[in-house]
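To keep things clear, I will list the structure first and then write my remarks on it.
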Amino acid sequence: MNRSVITIDDLTNDEIDRLFNLADRYVSDLGEHPHSHRLLGKLDVAKGKIASTLFFEPSTRTKFSFEAAMFRLGGDILQTVDPRTNSSSKGESLADMVRVVQSYADLVILRHPREGAARVAAEYVDVPVINAGDGSHEHPTQTLCDLYTLRRERKSLTGLNVLLCGDLKNGRTVHSLVYALARFGARIVTAPAKGLELPPHVSDRLQSEYHCVALTSKDIALPDDVDMVFVPLRDEKIRGLPDNVDVLYVTPNQPHKLALIPDFNLSVHFDTVTTAVKEIDVIYGTRLQTERLAGNSGTGDYPVIDKAFLDKRGYTNAQVLHPLPRVKELGYDLDKDPRGAYFKQTAYGVPVRMALLAALLQIEPVLETRGSETHYFRNYSCDDGLMCSNERCISRDENEGKHLKPKFWIVNPAQQSFLPEMPLTVRCMYCEYDYKPSAIGRKSSRQYNVETSLWDQIESEDLVVFCDFAQAQHQGYNLVDPSVLTSARG
Amino acid sequence: MNRSVITIDDLTNDEIDRLFNLADRYVSDLGEHPHSHRLLGKLDVAKGKIASTLFFEPSTRTKFSFEAAMFRLGGDILQTVDPRTNSSSKGESLADMVRVVQSYADLVILRHPREGAARVAAEYVDVPVINAGDGSHEHPTQTLCDLYTLRRERKSLTGLNVLLCGDLKNGRTVHSLVYALARFGARIVTAPAKGLELPPHVSDRLQSEYHCVALTSKDIALPDDVDMVFVPLRDEKIRGLPDNVDVLYVTPNQPHKLALIPDFNLSVHFDTVTTAVKEIDVIYGTRLQTERLAGNSGTGDYPVIDKAFLDKRGYTNAQVLHPLPRVKELGYDLDKDPRGAYFKQTAYGVPVRMALLAALLQIEPVLETRGSETHYFRNYSCDDGLMCSNERCISRDENEGKHLKPKFWIVNPAQQSFLPEMPLTVRCMYCEYDYKPSAIGRKSSRQYNVETSLWDQIESEDLVVFCDFAQAQHQGYNLVDPSVLTSARG
Amino acid sequence: MNRSVITIDDLTNDEIDRLFNLADRYVSDLGEHPHSHRLLGKLDVAKGKIASTLFFEPSTRTKFSFEAAMFRLGGDILQTVDPRTNSSSKGESLADMVRVVQSYADLVILRHPREGAARVAAEYVDVPVINAGDGSHEHPTQTLCDLYTLRRERKSLTGLNVLLCGDLKNGRTVHSLVYALARFGARIVTAPAKGLELPPHVSDRLQSEYHCVALTSKDIALPDDVDMVFVPLRDEKIRGLPDNVDVLYVTPNQPHKLALIPDFNLSVHFDTVTTAVKEIDVIYGTRLQTERLAGNSGTGDYPVIDKAFLDKRGYTNAQVLHPLPRVKELGYDLDKDPRGAYFKQTAYGVPVRMALLAALLQIEPVLETRGSETHYFRNYSCDDGLMCSNERCISRDENEGKHLKPKFWIVNPAQQSFLPEMPLTVRCMYCEYDYKPSAIGRKSSRQYNVETSLWDQIESEDLVVFCDFAQAQHQGYNLVDPSVLTSARG
């Protein structure tokens, strides 16, 4: 049984810790160049192993990083040479392509323009698949790289104060990073460019799935450009809390949101938050995506991280990370400043990817036999033609459509007896795009209603989900009262 | 003296057998993954050898297959990275390019859009050349792969009943496969899409050069979609025949074609043929080439191989092969069916290509010092400007025209005293395109006539061949009577 | 401290000699194929070293040559796969890109369309950089290859008579070769196509910096198509001269140019020159660059080197070199002629590049710790916005402009007390483009004048250089008399 890494959530915290330990070991075994931080020499632990960099979109840095990692492990590389023509130019599906490639390579590193492509690849092959970027969905090894840099430079991720700057709206890789930081107990301070704030679904998920409390200027005094602060419940300052605490609210102002466990009132220490905002350990800049600035008033509002910025804000010891390439949002004057850690961050991509390759190729016993499982979600596979509404999803691709069946998670929390009924929310299993269907029904009785919050009163195997009521009508379902729908099968 | 493999006919049956034995040995030495059938680990027999994948057209699967084979042997790869710009963009001839590349690489694997390109490359270099596809001419390692899959799955090729489906007209790789199957004694049943039947020159060549008897529904009852059946004379069922038998005809209906040896009447066992059509061992599907369907009534007529097709026809034990990629002509429901052997076929490309590389690099003593020779053809090299009429031929390329002299085989059978006089047929030595010139002449007397069947009454060194009589006139030749032309030199 | 090779002048003659000795050793250690001259097998001296072929322009032969060299040394290669998309498509600067790549690779081999790009790369990284072609600026390993072929075939470069044919105007690689030949004491005979003569700045530099005497048909009888002859002062025939002689003139006609040391009259032996023109050892052809022939009367005038040419001119023993690819200027009939050395020249690229890679990776002690220094030039770095006037210069690129500061050499000779005052000439440190500014000034007094020959009467740190007087005015400088400008600081 092979493991794949499609999103950062495919790895548990323990597995990530062990990966980083292995990366540390590679650094110390091979040695690194004092300035460029590149590793030196090679091992032969992957001799006879072939990895394929199957890139359907151009890339130099990601591709080089993986290939250098594979070479330093002693393995070989099969690489695609023409991103534009390898794809579906002959009408071939990705599923077919990767099954062919697994005849040649022991591991597939996939970059693809379609969101969810890597998940599809992993479903079809016996070899491990690493997602090296699927559209704007995920790029988990970038996140691993970011986390490793923090751990290596700051010893521990827990309790770190991380300032995120720039475009927090569009890059899903930023969202992955945010979730991962929360998982490891870092505090997150957001300073977005105007109009490019973290989207509500991300801040919601940070609270509901990653157990953070979110604070805004309504709750606590914040600098002008700081939008929100997220404090993970497992924060060291509040470690004394019982394990089952799911949310908390803040004392300085009045409680601003319902606690999920109403009889359990917690406080975030006021000074924990104000300190977090002042004593920033790490500043993470994001790329100015010129093509998405149309609605903005030029690039004038975009925060530029440079020496002046650090000095003005008193971020004396903060380290500056950036996934590169930069445009204008990161000053050249930090290149030789000890706080500028972005080239180091790039260099750490090699030991991290070596560790991941070695783990997935089962050269080193890092990973559990089974991956992390999402236990509280319900699986929903749709026979009646409901398709993912994300047009960039791999399941919407013409070639893949021939063989790929849309599949979804139901992402409403399972134990919600004490909560108001929530409308049904589904998440595409491939691209992880969330949306709220407009109708539910019963297959057995061919009945439907638009009250989607009743979804869990219908047995799994009998549940049908519709984009909208027209689709239900079109498929011959009859509108009935909610009570009729939930009462019994046909 | 280095050997090259430009067409499957460059290898004798014995050499192919030894290649397959070597491939078997590699599979058992390295081991294979139980599901993906990819080989594991690597040897070091090709250490220090460099192969170049010189691809002037995009390819992922063929390129990966060769490169994986080279890596598993322990060698290195020089690869072209931009198929569109390496070629003649600076006005460089292929002959120059490959002579440069042989300074760097010990073996050249060439894919080129021009038919005959690989033959030209092989003429100019001292290193072995493998044709990895030259336009729609040849792709011999695909054929080797197909044959190896059949041998490995079915033990022997002799007497196998092979059903060929789909587009049998346009793909020359299908034609190569057909000839190779005949060479190894398989029976061939054709079920083409409407309008995409095997061209007459292929079925003729199957009979005249590969010693098959061709049966149609005029000869024997055949299923609706079956067009022809070819039974090789070396078929086990008729092994008792003398070695010199060249053709035979069938008893159930009346004799449908002249036997080449009129005083020797043979019979194909009627039940051999009817059984061949029913008890299909292998179904070989070909890709639906959408761009060539213009003249057809859509794709509706194109045979689709899926479970329903196999069940309907009672092909319980048939294995399904397909060169991939597929479009719509091969059902996804066969992917996990034990009869679907096309992914295995892809995987077998690695040991087969390892064996070929090892043989050509003289790592293993598989090949004879000299290749197979075509003894009964006469060589014709043309000084007077007759050029190949195939516009896709490498000899018609502007850059190659500077140095390349058109060369032809005369393909009329040598011992034809008992045959009616056949019009002269020549075959381009590069692209193997056959055509019938309209005039012949004598250099010494500057005379010509349009009666081309008299070609063999003129001495080799005195023979001139013209596309048409205008060309002869233009070059200053005079029209004379046939008897004058053949009587004596000028 | 790492060394880089951006121009051939980054290597001293001694270093080049040691490189060639090492290349000889590699040839004899590995052995070479008798016909293709490719090396056989591999060493393992570069095991664990990774070189990156970072090619922003398409190339097959140069890339293959480097990669074959790296493989034969036992190292690995990271290669770019899509020259058009790796570059600044995301607005990334080259400086950033190479700093990222040095995290992965131990050495960078760069090809880039911008002139001076490789120099910029070398300034930003800690790993060695090899210039594999930067626009039409330099391609030093081609020059090394040419020199090595001459040395290997002719034992010594000193006193060789080299005929250069074709386009001597546009190819800067030809200019590099010319300088290098002069450095090693070869005599240079030019036979350019009409209108494509060696530019005056090159023949000037050959005299002023490389100590050649230049002869034309005004000085000595020359064949019709021969334009100039350059005889290096270190020519063996005139070795008896004192070391400090800088120029000389010729006896047969009257002295045609001022000797730089007026009280020291020298003679080039008349027969040395006439023999040089007759007894050509090496003919170096250059590619017909069709795109640059617009102004010419077609290709009719372009000299074609073939057997007829050699025979007509009596070049019985001359060897023919050509950097390839050829178009029409090099006959196919020399391919199998022993005088045609161009394929050998290509093959020698591998041992030469192996030697260079091994030297730069410090596998072999070939290079001095510090490179060759240009002692008599003065450095001029411009704060006031004077930019390089070569639009193809890397410093003019939009992305690089963000961080790159224009820098120049002042190239007027240092000891010029006995010379008339020369107008100021500056050379861009990146692209080495020379030009003559129109005004100079003093920062301290904010004064300027157009008499640029006075530049050396202003202290280095106070000197300002302007493209033209408008720029000076625009920046607030006041026009003053020359004597005021030079008299004292403000």
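Just so it is clear, A, B and C label the chains in written order, and each chain counts residues from 1 on its own.
The working rule: contacts are C-beta pairs under 8 Å (C-beta built on N, C-alpha and C of every residue); 3 or more make two chains touch, one makes a residue touch a chain.
In this text the structure is predicted, and so the values were computed from the model without any measurement.
Interface residue usage between chain A and chain B, two copies of one sequence, is largely distinct: under half of the residue numbers at the contact are used by both copies. With angles rounded to a multiple of 5, the C-alpha fit of chain B against chain C returns 120 degrees of rotation. In this assembly, the C-alpha centroid of chain A lies 51 Å from the C-alpha centroid of chain B.
Shared contact sites, meaning residues of chain A that touch two or more other chains, fall at 79-82. Against chain B, the residues of chain C that register as touching in their complex are 33, 35-38, 40-42, 55, 58, 60-61, 63-65, 67-68, 71-72, 79-83, 287, 290, 324-328, 332, 335, 343, 346-347, 349-350. Residues 47-48, 50, 52, 54, 76, 78-82, 85-86, 89-92, 96-97, 99-106, 125-127, 402-403 of chain A touch chain B in their complex.
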